[in-house]
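Two complexes, one shared chain (subunit A), two partners (subunit B, subunit C).
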Partner chain A sequence: MIAAPGTTAWYVYGVVDASASLPPGRLRLVEEGPLAAVAGAVPLSEFGEEALAERLNDRRWLEVHVREHEEVLQRLAAGSTVVPFRFGAIYRQLDDVAAMLQERRADFTAALARVRGRIEVGVKGWADREQVSASLGDAPPQAASGRAYLERRLTERQRVEQVAALLADIAGDAHARLLRHADEGVANRTQPPELTGRAESMILNGAYLVGGDGAELAAEVAALEAEHRGRGVSFETTGPWPPHNFVEPGEGS
Partner chain B sequence: MTVAEPTPLQEQITLLELVDRVLHKGVVLTGDIMLSVADVDLVYVGLRVLLTSVATLDRLQAEGAA
Partner chain C sequence: MSSNELAGVGGLTQPRPTNPAQLADVLERVLDKGIVIAGDIKIDLLDIELLTVRIRLLVASADKAKEMGINWWEGDPFLSLNGRDRRGLEGRLRRLEAAAGLDGEDEE
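This part shows the complex of A and B:
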């Protein structure tokens, strides 16, 4: 992509070893010592500071570019170890990209070592609260009198608390068990139903960094699924992902 | 990874998955031009409204077509 100076900027997707090779296309490697940034030219009319703030609220635009960011990282991850950057690392000059690499060399070298030979797998836990509640035994009896009504309301409230406590236990236990089959893991904030669009509640939003193909982790997910399916709790995996969750210090465990 | 033609709902879930990783995770830099964390939080709020309204729109269109 050739454009007049001052109309394009460099969008950086992530960092790889300088020895990595890129698939043919519009991306380029900006090498600095043992590291290289993967960058692509973007128009300032869309990625300039003010333009970007506006575009971020355009769902279509956001979707296209968030997908593109992920696709580039997935392609890179297929052949190299990659340290993903958060969306929106934009530099005016390639020299600025090289300077950033030099400044953060120690961090990126450590991050590459941390994720080398590993993949990120997502595991989500879902609960059908009604089914979970039913699995706890008989529902409270129908109210016949005022006093019975109050007792029933109390029992119902206790039941909701029981379900919440049980689900917290299941999610905590699942995360602990999955961690045993991973080098690192993190239980992220669960996504609310208005975003997931699902009737079940999300009870676990985990990400795990695993070596090899993650077969052990997959087997543990299958075991969890078999154990809890009857009471309305299910588990699913996503990925493999580039290691988004395991490249900032302090994330993961 | 995906084989079947995704439904609008599945597309939203996938986008949400992507947003959770691409906008909320990864190395954070202070660059020449750089998204601030506050902007990302705003995106998340904005996206929530958009996804909800898109879901409603999709449902209304489906009902209209039925």
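This part shows the complex of A and C:
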């Protein structure tokens, strides 16, 4: 769709090497020295400053565009090294995109080197707290006397704490073991059940930057899974992702 | 994906992958991670963060989110009382309570 000048802006998805090639489509490379930004024209009626502020509150609109941002990066990452931008980097003119590339050249060059030849893999740990609790042994017996009742309540409370401590240990150990098979890794905030829609609690929300195809990391995930499955803890991988977690200076481990 | 065209932002009809990533995972990465840039058309980053919070709060009440450890917006002066000021106030309150011989509620 060709729009009249002044009605479109340029949305930047990420930065690649200037030598990278794009799949055919409506996106274009904005080259500046050794770097290129991957940009697409967007209507100002949606992506202008005021319009965008409004759209961002529309959950449906946001989901569509956030997913699209991710899909573009996924396709780029399949063929090139890419430094993903956060959602919403918008420029009025291509010259502005080039100026941004020039200004941040050192950052982007370092970020490209950091993620070159590597993929980001997500690993999540899940716990069925009841099963974990049961794995710690029999629940305290039903109590007849008042004193025994209080003791039982106390034991129950201790049990909840024991489960929490065990899960923290398992998650910490898993993250440390996964890091050994990764160049970098980060344990992000776990997502609440309302967000995951799952009955189990998320105990690990890790992202790992790994070389090659990540087979070693996958093998460690399988080992963790085999080790803990019997007590109600499971692990799964997501991705590969574009290296979102490993491009900002200071992020990662 | 069957399309051979990169649908840029604005193209709303792109096919969905058969096994789409969990929305929460995508939001977390696309809204919270990645290179942060201030563009020509400035999007205040606080808006983006506010938005992320809203997305999370759509599915989790503020208290529930806090319980789950999602309380990082509290340090954001745009989203709450200035964190430092509030800590200062809480400190003063505790000292006053101690001076008055009152037990302030334990925080941890």
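To be clear about the criterion, the second predicted complex is superposed on the first by the 252 of 253 C-alpha atoms of A that agree within 3 Å, B and C clash if a C-alpha of one lies under 4 Å from a C-alpha of the other, contacts with A are read in each partner's own complex, and residues count from 1 in each chain.
Operating definition for what follows: a residue touches a chain if its C-beta (ideal position, glycine included) is under 8 Å from a C-beta of that chain, and two chains touch if they have at least 3 such contacts.
Source: prediction; values computed, not measured.
Engineer: Both complexes share subunit A, so when I overlay them there, do subunit B and subunit C fit or clash?
Structural biologist: Clash: subunit B and subunit C overlap once superposed on subunit A.
Engineer: Please work out whether A:190 is in contact with subunit B alone, subunit C alone, both, or neither, and reply first, second, both or neither.
Structural biologist: The second partner, subunit C, only.
Engineer: Contacts for A:23 in the overlay, against subunit B (first) and subunit C (second): which applies, first, second, both or neither?
Structural biologist: Once the two structures are laid over each other on A, A:23 reaches subunit C alone.
Engineer: Give one of first, second, both or neither to describe whether A:134 is in contact with subunit B, with subunit C, with both, or with none.
Structural biologist: Neither partner.
Engineer: Go through the superposed model and pick first if A:64 touches only subunit B, second if only subunit C, both, or neither.
Structural biologist: second
Engineer: According to the stated criteria, A:164 is in contact with first (subunit B), second (subunit C), both, or neither; which is it?
Structural biologist: neither
Engineer: Just checking: does A:41 make contact with subunit B only, subunit C only, both, or neither of them? Give me first, second, both or neither.
Structural biologist: Touch partner of A:41: subunit C, not subunit B.
Engineer: Per the overlay, which chain contacts more subunit A residues, subunit B or subunit C?
Structural biologist: The partner making contact with more of subunit A's residues is C.
Engineer: Once chain A of both complexes is superposed, is A:75 in touch with subunit B (first), subunit C (second), both, or neither?
Structural biologist: So A:75 only meets subunit C here.
Engineer: What residues on subunit A does subunit C touch that subunit B touches too?
Structural biologist: The overlap between the subunit B and subunit C interfaces on subunit A comprises residues 9, 12, 14-15, 47-49, 52-53, 56-57, 59, 62-63, 66-67, 69-70, 83-93, 96, 100, 104, 107-108, 111, 122, 188, 191, 194-196, 238, 241, 244-245, 247-248, 251.
Engineer: Mind listing the subunit B positions that touch subunit A in their complex?
Structural biologist: 9, 12-13, 15-29, 31-35, 39-40, 42-43, 46-48, 50-52, 54-55
Engineer: In the complex formed with subunit B, which residues of subunit A make contact?
Structural biologist: 9, 12, 14-15, 47-49, 52-53, 56-57, 59, 62-63, 66-67, 69-70, 83-93, 96, 100, 104, 107-108, 111, 122, 188, 191, 194-198, 205, 238, 241, 244-245, 247-248, 251
Engineer: Okay, in this complex, where on subunit A does subunit C touch?
Structural biologist: It is residues 1, 9, 11-12, 14-15, 22-27, 40-43, 46-49, 52-53, 56-57, 59, 62-72, 75, 83-93, 96, 100, 104, 107-108, 111, 122, 188-192, 194-196, 238, 241, 244-245, 247-248, 251 of subunit A that touch subunit C.
Engineer: Under the definition above, what is the set of subunit C residues touching subunit A in their complex?
Structural biologist: It comes out as residues 1, 4-12, 14, 17, 20-37, 39-43, 47-48, 51, 54-56, 58-60, 64-65, 68-70, 72.
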